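We just call them A, B, C, D and E in the order they show up, numbering each chain from 1.
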Amino acid sequence: MTAPGERPVVLEARHMTRRFGGLVAVNDVSFDVREGEIFGLIGPNGAGKTTLFNLMTGLTPPSSGTLTSRGQTVTGLPPHRVAGLGISRTFQNIRLFRGLSALDNVKVATHRQTRAGLWQGVFGTAQAEERQAERRAWELLDLVGLSDRAGELAANFSYGDQRKLEIARALATEPRILLLDEPAAGMNTSEKGQLTAFIREVRDRFDLTVLLIEHHVPLVMGLCDRVAVLNFGQLIAIGDPASVQRDPKVIEAYLGGE
Amino acid sequence: MNDFFSTYGSLIVMMVQAGLLGLSLYFPLQAGQLSLATPGFYALGGYVAAILLTNPAFSGLRETLGNGMFPLTWLVAALLSGVLGLVLGLPALRLRGIYLALATIAFVQIMQTLALNLKVTGGAIGIFAIPQAFGFERPLQYLWLFGPLLLLTLLFTRQLSRSRVGRAFHAIREDELAADAMGINPTHYKVLAFVIGAVLAGIVGAMSAPFLNTWNAKQGTFDASIAVLAFVLIGGSRHLWGPVVGGALLTAVPEVLRFLADWRLVINGLVLVVASLYLPQGIVGAFERWRRPAPPRRPADLPPVTAAEGRP
Amino acid sequence: QKVSSISLGVAVAQTSNVSLFGQEQVAGAKVAEKLINAAGGVNGTPIKLVYQDAGGDENGAINAFQSLINKSRVLGIVGPTLSQQAFAADPVAERAKVPVLGISNTAKGIPQIGTYVARVSAPIAVIAPAAVKQALKLNPKIKKVAVMYAQNDAFSVSETETFQSTLKAQGLNIVTVQKSLTTDTDFTTQVTAVINSGAELVVVSALAADGGNIVKQLRQFGYKGLIVGGNGFNTANVFPVCQKDCDGVLVAQAYSPSQKSAVNQKFVSEYRKLYKKDPPQFAAQAYAGIQVFVDALKVIDKKKKLSTWDLAALRTELNKQVLAGKYSTPLGELRFDKDGEVNQKEFFVARIKMKDAKNGSFVFDK
Amino acid sequence: MEPSQLIQNLMNGLAIGSVYAIFALGYTLVFSILGIINFAQGAVFTLGAYFTYALVSGQFENNGLLKGINLFPAGSPFAGNPWAFGLATLIGAALAGLIAVLIERLAFRPMRARGAEPLLALVSSLGVALVIVNLIQLLVGAESYSFPANAYGEFRPALTFNVGDKVVVIRSVQLVIFAVSMVMLGILGYVIGRTKVGKALRAVAENPGTASLLGISVDRYVLITFFLSGFLGGLAGTLVSLAFGIGGPYFGQAFGLKGLAVIVLGGLGNIPGAVLGGLLIGLAEAFVPADYSAYKDAVAFALLFAVLLLRPQGLLGKAQIQKV
Amino acid sequence: MALLEIENLSVNYGAIQAVRGLSLEVGEGEVVTLIGANGAGKTTTLRAVSRMLRPVSGTIRFAGRDITRLPPDEAVKLGVAQSPEGRQVLARQSVEDNLELGAYVRGDRAGVQADLRQMYERFPRLGERRAQLAGTLSGGEQQMLAIARALMSRPRLLLLDEPSLGLAPLIVREIFTIIRELNEQGMTILLVEQNAKLAMNASHRTYVLEAGQLTFSGISSELVDDERVLHAYLGG
């Protein structure tokens, strides 16, 4: 395996900025993410982390700045095209398809991997890919441990289980880059530990690059290869976990001293 | 029995027709779009048929085609409705909820005003003396048109909702933004659902014009928009049988209540109220509650995936 | 199947906003049933009227017809209220070979729907010109005329065409044509335009409620000239709408309560007894429709007892006899041409005269 | 356009527009609280007019089951002068408000309790409208009724003045309608925009569950809302019938649809929006050139359609914020 | 007598039994923690107490009064306030309106204004954003708002559903300081937390819930070292 530092850059953020009225939620942020990395994004509440994810996935257009992935410009594309580039995400405020079963939630997300149009669907001539999607959905439910409740509506899951289902759904789009917005929120300490292992495993299994927003510091520090810190929309530190953790600016803005 | 069919022949056809109109509204609804445009396309289809079947300009065509004229009217109606649906749907489907509903009602109203003012549509008098399809003698015979159309549409709907496209519709209904983020192009599928509904309504209109003998601007009004919506909601908006059952029943109720004379429509109103109170998921929805869907079956040959050592 | 009773169908609007007219038609039919049966029905056998609500739309009319034809097995049907409904429902009767008499359908082309379709309501083309002529008689100086009509109502549209060609034929100048909807209540735009056009005569084709409002608003906006109202004004229902502003509106009529015939006088007195007012045209036409059927049945019955007929054959025979006969009705003497178009002798022009705010009457000048 | 014509159209448009506005307010109030369109609003509007009529005239002479019953054999105390008539109008509106409350109790609340989807309220209210309209017909017939000419004393039916050499006419009722509507709108705007009641109403509107979690009695506010909306609807009914007479049981229907267009144009659930929407549609209709009056309805809806394409949330509606 | 007494409570969602025969007590002036895995029924229990859910059986008594069938707004008037799961801020209302609505049941305008100022001091972020629509706040900002809003009613019993969720470490600390302070001032608190260690340190007693049922309970300071808790919830 090549050393992380030599692997190709898969995401290039350049001067990304987003204003809401007078507020600059993301302010001139630039960074690179390398293939296979687990890249942490931390910072105080309202620092602009989620907004940055939104800029990266096409949900919010940037006021200025660009994001490129393997030479493709991502900014300016609608979300479904971004998904088509292999960038997928989960949401901080869970957004499952609440009225669909867990299985269907995952199956829907195979949309870009399948081709069947209206008539193929109606005449049932796309059975092979349909079976493929079905298998994949089951596998992913297995992976997050929800396959015994595959038929249940997403709305009926508890908060923590919904987060797991969201991860499975995001994986179903077969992303190369996965953005997780506070995946551990609502999980208890031992579940957080399992989540750490889980994220590593899916990264390896599916050859992913992972970006991760999280407030649970031990998890971030234990899991991430590199960490970036946002404060008031600005990137105040970036580097390996140990050095970031020692950075006085970060301690002052986020971790708090003691 | 014969008696029954001659008394209720046209009612039965109207029930099937109502079910079809309900299904037309059901398509966009599957994709979460509350469109009330169905009567507009229905009216359009009807005018297309009425004009093709009566206007002197087409008499040559009618002579050469004979009965082939009727399928032609369906085709032309479907085509025109589809194109108009596309033209209308592209801008309108940016709207949400009631806003979309009202924009589509605006469309229906504008269509109606046009029908009242144009020469080809016969103004307020409309078009009359429309020849009977295939020389049908009794209203019930129209089941030969509407029946197969209903079956085909049901089959189409069922297949569709189990397919990739159908799933995309449902995802958009549940959460458009999340669907978008999962790689589904919402505009594409919303317009698709809308156009399918439009085409169906257009065909139903084209089949209905001969059935009604006359076509005028009262076909396809705001009231009809609401009626069709009621078909779907009372029948059940989450299941393909819903619109069919709802359309058939709501069409039949005022006729069945004829014996009540003056109280007929009062009771009809009460029926609507009571049905909405006691069948919050619609008639079919109520049955569904009893018959829980079987849990999805895991593909038999799929080995359990070794759970990640740290499963979340 | 044998004929079991002498039942005739009445399929008019008892609900929807068209019921405004339907109500009067039902009232007229009730009087007919009562008087005819009191006089021995069809040679001793009482008749039975079966009412089915035709609502205000096509589907309602079709269903009412179906029910009357197949379930109630009526010999013939009077109705439906609107010409638009007739275009949809009459073919149903035509195909079932059941005679239909239109009692208020005045649009062009109704009797031509089929051999089983006829009407006692004279088409607008023959009534409308009378009112215009009457207006010119009252004020020979009229040159500029404004025309207003409800564009979403079939009969108002065809009526206005007749009016307009009559006006042109009289050498008058149509200075503006204003359209509205039967559901409208506010006509200020149209009325303002009419007043600005300097018209000396306004000819209105609309239904009762909207027509009444047009008149009221014309007057309130200061219009002083003559007003001619069409067939939709043929009902006391306009009085409460325009109240004293109705005064003087000229309405051509196919009926006058003051018509001298004995049958009319009996009808009028019975109607007054039941409803405390003079019968309006729609009631009289409904009466006439029933009477025509009954008179024709009497003739048939004399030839061969009705109870011995086969239903289908009797319906056909009835249709033939209706067209063949000559009838003395409250509308005066009626006859039909081969299509089933009515041939009526007398027409009237009435002027609305208001007694007080709500009550008024049609006064017949001729 | 000549100045006289311009002024005339303006007056006409404002008068009818203010009626649209006040009618639409009833809709928008209910919509903003429960997220439902109450189709029975048109019927309540009609009822308001009939109630006032019953008070002022004491009887329904024409037809129907109530024929022959006279509330005030000795003459109505509510007729003869503007104050008495005004009182009758208020009582009529209040009765309409009570009917609206009843509708909420019988047709909406049980449905909410069962967790039905809000759209279904459309069907339920459609049923209610059907019941009311046909009951009216059974009770008092399909005829039109108009207030007796002396109901509110003697007034000049219209004011006229000259602009250049042309006359401009305003009907007195138009002035009354405009004034009353504006006063009602002012009061309502104040209550909703500036008081604690208004704040609580907005909370209920946004999320009844959360509102109740804060101690707000949702049921009570829903009742208040329905009363207000019925009151406004009934008031509009009387005002309109004052100008045009009561056009039978179906009288409110045409307004029902216009009212919908108005609130959507202005922005759903937005009170100033309903006012603006009403006035705009009224004006748009008034300014349709006479020769094209056939397209009047289409103009209102085309306007609606065009505005929605440019502003999908209506003129004053706030864009739906969606923080992800 | 305990301030809150839950006896034999069962709550269902349709056919799903989320809470089964649960009994617990919270004494006046106590801080009590409820922990359990995802889907154990913690949220369900809180929602039953705040009357957002109707139990199928069992009783809930508050200050000696049976509130099992009371509508939620009445419960608030008695002094029960909740910071709910999923925050549920009124998205289209400003931050300040949200807070003022939190004090809806209170009549003392002056007191409300004073509390408002206090909230802005505690959560400066909210003070900066008082005019911003709550729906546009970041997740953590919304969480602060939800907690502050619950405090605005000055409840006798405060129900907190995962208050630390989505909050940055500094703010989490602040929240627990507030919990301690409020408790010192006499407020009773029922706390659901995934961050079990923090919660247990801040509370007197702890109940552990599993699959809708109570498995065990005890004094928090003793349970922190309990094998069962350590293993399942503290990642030990």
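Observations on the structure shown:
Methods note: a residue touches a chain if its C-beta (ideal position, glycine included) is under 8 Å from a C-beta of that chain, and two chains touch if they have at least 3 such contacts.
Small disclaimer: the values here were computed from a predicted structure and weren't measured.
Identification of common neighbours of subunit C and subunit D yields B. Two chain pairs are in question, B-C and A-B; the one with more C-beta pairs in contact is A-B.
The most distant chain from subunit E, with centres taken as the mean of CA atoms, is C. Among the remaining chains, C is positioned farthest from subunit A, on the basis of C-alpha centroids.
Measuring from the averaged C-alpha position of subunit A to that of subunit C gives a distance of 74 Å. Averaged Cα coordinates give subunit B a centre that lies 49 Å from the centre of subunit E.
The distance from the centre of subunit A to the centre of subunit E, each centre being the mean of the chain's C-alpha atoms, comes to 30 Å. Chain contacts: subunit A has residues 50, 59, 91-93, 95, 187, 191, 193 touching two or more partner chains.
Contact with two or more other chains is made by residues 136-138 of subunit E. Each of the following residues of subunit B touches two or more other chains: 116-117, 177, 262, 265. Chain pairs that touch one another are A-B, A-D, A-E, B-C, B-D, C-D, D-E. Per the touch definition, subunit A reaches subunit D in the complex via residues 50, 54, 59-60, 91-93, 95. Subunit B makes touch with subunit A in their complex at residues 156, 159-160, 162-168, 170-171, 173-175, 177-186, 192, 293-296, 298-299, 302, 304-305, 307-312. In the complex of the two chains, the subunit B residues touching subunit D come out as 34, 91-92, 94-96, 98-99, 102-103, 105-107, 109-110, 113-114, 116-117, 177, 222, 226, 229-230, 233-234, 237, 262-263, 265-266, 268-277, 280-281. Of all residues in subunit D, only 5, 8-9, 12, 15-16, 61, 63, 134, 137, 141-146, 148-150, 157-158, 160, 166-167, 169, 171, 174, 240, 243-245, 247-251, 253-254, 285-286, 288, 290-291, 293-294, 296-297 touch subunit C in the complex they form.
Chain contact summary for the complex, subunit C toward subunit B: residues 14-15, 51-53, 57-59, 62-63, 66-67, 69-71, 83-84, 87-88, 91-92, 95-96, 107, 109, 112-113, 150-154, 156-158.
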